[in-house]
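Shared between the two complexes below is chain A, which has chain B as its partner in the first and chain C in the second.
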Partner chain A sequence: MTTTTAVKETVGTTAPGAAPTPRRTGRLRRIGLPYLLLLPALLLELLVHLVPMVIGVVMSFKELTQFYIRDWGSAPWSGLGNYKVSVDFDAPVGEALLHSFFVTVGFTLLSVGLCWLIGTTAAIYMQDTFRGRGLLRALFLVPYALPVYTAVITWVFMFQHDNGLVNHVLHDQLHLTDKPSFWLIGDNSFVALLVVSVWKGWPFAFLIIMAGLQNIPRELYEAAALDGAGMWQQIRRITLPSLRPVNQVLVLVLFLWTFNDFNTPYVLFGRAAPEAADLISVHIYQASFVTWNFGTGSAMSVLLLLFLLVVTGAYLLLTSRGRRTSDV
Partner chain B sequence: MRSIRAAAVGAVTLSLALAASACGGGSSTGGGSNDSPKTLTYWASNQGASIEVDKKVLQPELDKFEKQYGIKVKLEVVPWSDLLNRILTATTSGQGPDVLNIGNTWSASLQATGALLPWDAKNFAKIGGKDRFVDSALGSTGVQGQDPAAVPLYSMAYALYYNKKIFADAGIAKPPATWDELVADGKKIQAKGKQVIGAEGANVSENIHHVFVFAKQHGADFFTADGKPDFTNDGVVAAVKQYVDLMAKDKVIPQGNAEYAQNQSVSDFAKGKTAMLLWQSASANLKSQGMSEDAYGIAPVPVRSGTPGTGTQVNSMVAGINMAVFKNSHNLDGATKFVKFMTSDDEQKILNKAYSSIPPVKSAQADPSFNTPANAVLKNTLATSAAALPQVAQESQFETTVGTAVKELFADAAAGRAVTTDSVKAKLEKAQQQMPAK
Partner chain C sequence: MSDSIRSSYRSSYQSSGPSSQQTSFRSPMAPPRSFLWSRRIFLTLLTGFVLVPVYVMVSSSLKPLADVTGKFRWLPSGLTIRPYIDIWSTVPLARYFVNSLIVAGAATVCSVVIAVFAAYAVSRYNFRGKRVFTVTVLSTQMFPGILFLLPLFLLYVNIGNATGIALFGSRGGLILTYLTFSLPFSIWMLIGYFDSVPRDLDEAALVDGCGPLGALFRVVVPAAVPGIVAVAVYAFMTAWGEVLFASVMTNDTTRTLAVGLQGYSTLNDVYWNQIMAASLVVSVPVVAGFLLLQRYLVAGLTAGAVK
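Up next is the complex of A and B:
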C-alpha cells in the first residue's frame, strides 16, 4: 500500500494542480516497478561494496595506527598526511610504492597480453572439429576451474630450489642452466609470478573467445576462402574484427583482475614478497596489516582505485569511440 | 496485477530488512563485563605438531576446568599464519575471544592497542601473584614500567640440535661452542657430503630471532634506550652480516635454505640431511617427523667466544607464549579464573610436558621431568643467557621490516651476489626508514 501513496505524492509534486488520473498512476507504477525491483540489489550493492569503500576512504584521512585501532573513532584526523607519505617518491615509503606500481604495470601488461594471445590462438585452433576436441577443451579449462590456493601451492612446490620439478627439468634433464635457479626469491620471482598468472588466466580468455567465435557466420570464411584469402588473412580480416566487442570486455576484465590479483603473489611468496615481484595488492596489504598502519594502507588503496578508474574510463571512452566510428 | 503488487511488497520489505541490518553491527568499544558467566572462548596458538594434536592435548584440560568451575570453554586453535591478523581484526571490531594466546614478542605491540586486560597487582593477586613466574619470562610481557599485557604460559629457548651420527662420521667429538668452531666443524661435515646447518632464510620471524641474538653478541641493540629504531649502528650491521655470512662467506648454511619459510629446515634435520639446527624446543616436532630422541644431541647455541651468559654472551631470545585476556570479554571473572587454572602448577606440568617447553611458573619448573638433558639446556639458557626481544610498541613492525631485509640479503647470497658491510647497511637503512615516525 505504501507504494501507491508514495506514487500519488510524487505525482502530486511533479504536476501541481493536475488531479492524478488512474491511467497515469498505472503508467507510473509500471515505470517505477523495475526500479523498485532493483532496489534490493542496489541496497546489497551499497552494503557489500559502497559502504566498505566509503569507510576505507574515511580511514585514509585518519592516523589509524596500532594505538587507535581498538577505537578508531578516536584516531586523529591527519588530513592529506597519509596521501603525502604515499606519493612522496623521494622518501622510502613512496619510493617503494612507486616501484611496486611499476612492477605491477609491467606484470599486468605482460600477463594480459600473453593470456589473450594464448587464449585466442587456442580458441582459433579449437574451431575445427577433430577427434579429442572436447577432451582438450575440458583440459584447457582445468587451471581456471582449480581452486586458486591449491593450484598456486602446487606451483610453489614445483618452483622449489632443491626439490622442485622446474629445476629438475631445466637443470638436471635439459642442462639449460649452470646451476639450479631460485624462483621464489630474487629476480626470477617475477618470471615465476608471470608463469603462474598466465597459466591461471589464459583459460578464461580461451573460454570467452571460443564463445565469441561461435557467433561468426561460417559463410564469411567460406566466401573469403573462395576469394582466395589464406588463414592469416581470414584471421585478420574476419575473426579479429568480429571479435572486437568481445575483446573489448575481455581485455578490460583481465586487466582489472590481474592488476588487483592478491592470491597468486601472496600464496607464492608469503607476506614479504621479493622486490622483483612486489605487486601492489600485496604491497598495500603489507603497508596496512603487517605494519599496522591502516591509514596509510587505505590512502594507497584509494590512490589505486583512482588510477584504475582513470584507466578504465579512458579505455571505455577510447574503445567505444572507435566502435561508434566503425558503426557509421 | 496481483503478482506485480506482491513483487513490489517483497522488494520493499527486503530493502527495509537490508537497510536495518546495515545499521546494526559496529564495534562496541566499551570495557568488559560479566554478562555471560557460563562460557568462555579461547584462542590457543598452535603448539603441537598439528592443530589436531593441540585439540587432543587441550580438550581434557578444558573439561577439567568445566568440572571445577562450571564454565564451558570453547576452544579454537589458530594457526600461526593467522593468529596476529585474527587478533588485529578482533581488536578493530571489538568482537574477539575472552582468553587468547599470543607470541610473547607481540606483547608490547598489542599492549599499545589497549585491547588486552592489563595485569596490575590486583589482577595478578587473583592468579596467585606475580612472584610465581620466572623473571626472564615476565620480561617479555610488555613495555617495562607498565602493567604486563599478558602472563607467561609456555617458555622456550633456542638450542643447537646436532645429529650424533653425522658428527661421529665426521670425527667431531663435541658440539661447537663458538661460531668459529661451528664453521671449522662445517668443513669436516661437508667433506662427508652432508649439509652443515639449516636456517629458514625466508621466514621473517626466524630471521629476527637470530639477528637479535647476534646483535647482543656484538654488544648492540636494534632500539635506543628510549625506544627509537637504530638499525644501522655498527654492531647491528656487523651482527646481521655475520648471520648472513654463514651462507654467503662461511657456506655452512646451504644456499637452498634462502627460500625456506615453512620449517623445511626442521624436516631436513629430521631426515638426516643437515647436521645441525638452531631451533626452539624442537623435540616434539622432531619426534612427530620420525626422528628418535637418541639420534640427536642438544647443546647451547654458540657464542663468539667463551661461555653463554649475560651481555655479549647471550645466546637465545626469551621465546614463549603468553596468555592474555581480551578487555572486551563478557566474562572477565571467568577469564581470570581460566588463566589461574592454566598457570596452576598441575596444568603447567601437563601442558609444558606435552609441548616440550619449560614452565614459566617456578614451582612447576622444579618438577623432575623438566631435568632431562634436553630440558636442562633450555632451562639453563632461559635462566642464564636468554634476553627478551625489544619490548617496544613497534616490535611487530621491526620484525617485518628487518626480517624482510635479512630475507633479501639471504636471497642476494643465494644468487651469488656479494654481501658486504655496505649492502647490509643499505638494506637496514631502508628497513629503518619504513618504520613509523613515532
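Up next is the complex of A and C:
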C-alpha cells in the first residue's frame, strides 16, 4: 500500500507543467529514476513471492504443527525431519507423495502434448482467411476466457453419474458401456481431469501460436511457392521451424502451469481428490491444511520447486543449445 | 508537445503496427484439396468439443429443476427463467459478485499502473541490475502457488497481529496477492510493446520540456494502448478466476465468486440449473470483455511476448 503512494508522490513532483527542474537534480533523477520506477513492482514481488519463499524454506526445517501457527517462530527446529518424512517412500506419507508425483508427471505430459498439438493444428489451419474465421477464432477462445471454476463446474455436471451428459451419450445413446460409469471417482477420474484440462488449456497454445505465425515474413512463403513447394511442404519446412522460438517458451509455460495447476482438480473433485487423479498441488494442500502440518507441507513444496528448477534449467539448456547451433 | 506529432504518429502506428497484422497469408496459390478437407473435418470436431459444455451451461440454466435431476436431456422440456431469479437468494451471490468486482478491479488497476512504470524503466533506461530484475520477476511465474500459499498465509496473519493491518481475510490482502500474479506477465509484455514505440518520439517530448514521466504518459502510453488493454484483460481474468488463495484467504464477508459458487453444490439438493445460471452470470462479463478485446491481446502478444 505504501508503495503506491510513493509512486504518486513522484508523479506529482515531476508532473508536466511544473517548474522546470535545474540541471543538477535532473541528472540525479536520471540515474535514480529507473530504480524508482521499478520500486513498486520490486517491493510487491518481494512481499508476496520472494519473502514467503524464504519463509517457506525456513518453515520446512521446523516442526510446524497447528500449535505454532500463531507464533511460528517459536516452533522447534526439526532439521531434515520433514524432508525425511516426505521422501521415505516405504512409509504412507512418502509413498502417497511419490504416487502423486508420478500421476502429476503423466498427467502433465499428456495434457501439455495434447494442448500443444490441438492449438498448433488449429492455428495453422486458420492461418489463411476463410469465411467464418473470425467467428471461429472468438469461439475457440471461449474456454480460455471462462473463469476456471465456472468451466470446471459445467464439466462436473456433465460427468455426473445419473444426470450427466457424458454417461447419457456413451451409455444411453451410443451403448458403448454396459452400465453408466463413475467419472469423478476411481480410475476414470484421470481421464476426466485430462479432458477438462485440455479443453481449458489448448486455446492458450492456439493464441500464442497464432500470434507467433504473424511474425513469419510472408516473403518466405512466396519464395517457397516459387520454388515449387506445396502447402504441406511449406508447413513442414517454413511454418514449424519458424515457430521454434515461440514453442520453446510456450511448452515451458504450459508445463509449469499444468504441473502446478490447483484450480482444475480442486473444483473438479473437491477437497479429496481420487487417487488416480491426485495432482501434487492438491496433495500438498491436503497434507498442509487438513492436518495443519505446515512443516511437512513446506518441505514437499520445496522439493517440488527444486524439481521444477532442475527440469526448467535442463530444458532451457537443451533447447537453447540446439537452437543456437542451428541458427549459426 | 504538439498534438499533431502524437496523432500523426498514432495513425501511422495503427496502420503498420501489430494491431493491424491480422492476417499473414501462407501462400499465393490456392491450397490443395487434402488441406481443405482435413481442415474442415478438424475444425468441425474441435468446434463440437468446445461448444458442448457451453451449450450445456446455457441450456441447463433455462431448464426446470426436474430436467436436471433426472436423465440428461439435450432439449429442455420447457424453458424457464426461474433459475436466474433463484440464484440470488439461494446463496448471497450479489455479495460475492461485488467482492469479486472490487478485488479484480483494484488488482487490475494497480497491476497495470505498476507494470507500466516498471516496463518503461526497463525499456528506456540502462541501469545496473536490469537483467537480474527481469529474470527474477519472470522466474516468480515458475513457483508453485502452493509453495508460497502457506508462508504468505502465515505472513499475513503475523503482519495483522503485529501492525493491526488486516491482510488475512480482507479484500486488501487478496488484491495485493492477485496483482503480483499478473505483474510478471504484464511487465514482460509491456516491455516488448514499449520497445516497439520509437524512441525519437519520447526524445522529442523531452526536448519539448516534458519530464521523463511526461514523456511516458503523453507519448509512450497513448501509443501502447493496445498492449495496456491486453495486459489489463489478462490481469482481470487472473484475479476473477483464482480459486486457491481465495479459498484460504477469505471469510464469509469477503468471499469471492470463485469460492462462493461452490455454495450451490454443498447443499442437500444440487440445483444444477441454478449452478449453471450462476456460472453463466459470472462468466458473461469476462467472456464478453475478453472477446471484445482479444484482438488487442493477440496484437500485444505479437509485438511483445512472442518476438
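Assume the second predicted complex is superposed on the first by the 292 of 328 C-alpha atoms of A that agree within 3 Å, B and C clash if a C-alpha of one lies under 4 Å from a C-alpha of the other, contacts with A are read in each partner's own complex, and residues count from 1 in each chain.
Everything below uses one rule, namely that a residue touches a chain if its C-beta (ideal position, glycine included) is under 8 Å from a C-beta of that chain, and two chains touch if they have at least 3 such contacts.
Owing to the predicted nature of the structure, the values given are computational and were not obtained by experimental measurement.
In the superposition on chain A, A:P274 contacts chain B only, with no contact to chain C.
Of the two partner chains placed around the shared chain by superposition, chain C is the only one that A:A138 touches, whereas chain B remains out of contact.
By the touch criterion stated above, A:T104 is placed in contact with neither chain B nor chain C.
By the touch criterion defined above, A:T65 lies against chain B but remains apart from chain C after alignment on the C-alpha atoms of chain A. Contacts of A:N263 after superposition: chain C is touched, whereas chain B is not reached.
With both structures placed on the common chain, the touch criterion links A:N293 to chain B but leaves chain C unconnected.
Look at A:S86: by the touch rule set out above, it reaches neither chain B nor chain C. After overlaying the two complexes on the shared chain, residue contacts for A:H161 are found with chain B alone; chain C is out of touch.
Annotation for chain A, partner touching more residues between chain B and chain C: C. Judged by the touch definition given at the top, the superposed model places A:I185 against chain B, while chain C stays out of reach. Shared contact residues of chain A, touching chain B in one structure and chain C in the other: 3, 29, 33, 37, 40, 44, 47, 51, 69-70, 72, 160, 162, 289. Contacts from chain A toward chain C in the complex involve residues 1, 3-4, 7, 10-11, 14-16, 18, 20-21, 29-31, 33-35, 37-38, 40-42, 44-45, 47-53, 55-56, 59, 69-70, 72, 118, 121-122, 125-129, 136-151, 153-158, 160, 162-165, 167-168, 172, 199, 207-208, 210-216, 218, 221-222, 224-225, 230-232, 234-235, 239, 245-246, 249, 253, 256, 259-260, 262-263, 266-267, 280-281, 284-285, 288-289, 294, 297-298, 301-302, 304-305, 308-309, 312. By the touch criterion stated above, chain B contacts chain A in their complex at residues 4, 7-9, 11-12, 14-15, 18-19, 21-22, 27, 29, 85, 88, 91-92, 94, 109, 112-115, 201-202, 204, 255-256, 258-259, 261, 393, 396-397, 400-401, 403-404, 407-408, 410-412, 414-415, 430, 433-434, 436. Across the complex, chain A meets chain B through its residues 2-3, 29, 33, 36-37, 39-40, 43-44, 46-47, 51, 65-67, 69-73, 91-93, 96, 160-162, 180, 182, 184-187, 270-272, 274-275, 286, 289-293. Within the complex, the chain C residues that touch chain A are 18, 21-29, 31-32, 34-35, 38-39, 42-43, 46-47, 49-54, 56-57, 60, 68-72, 110, 113-115, 117-118, 120-122, 124-125, 127, 130, 133, 136-137, 140-152, 154-155, 157-158, 161, 172, 176-177, 179-180, 183-184, 187, 209-214, 217-218, 237, 240-244, 247-248, 257-258, 261-262, 265, 272, 275-276, 279-280, 282-283, 286-287, 290-291, 294, 297-298, 301-302, 305-307.
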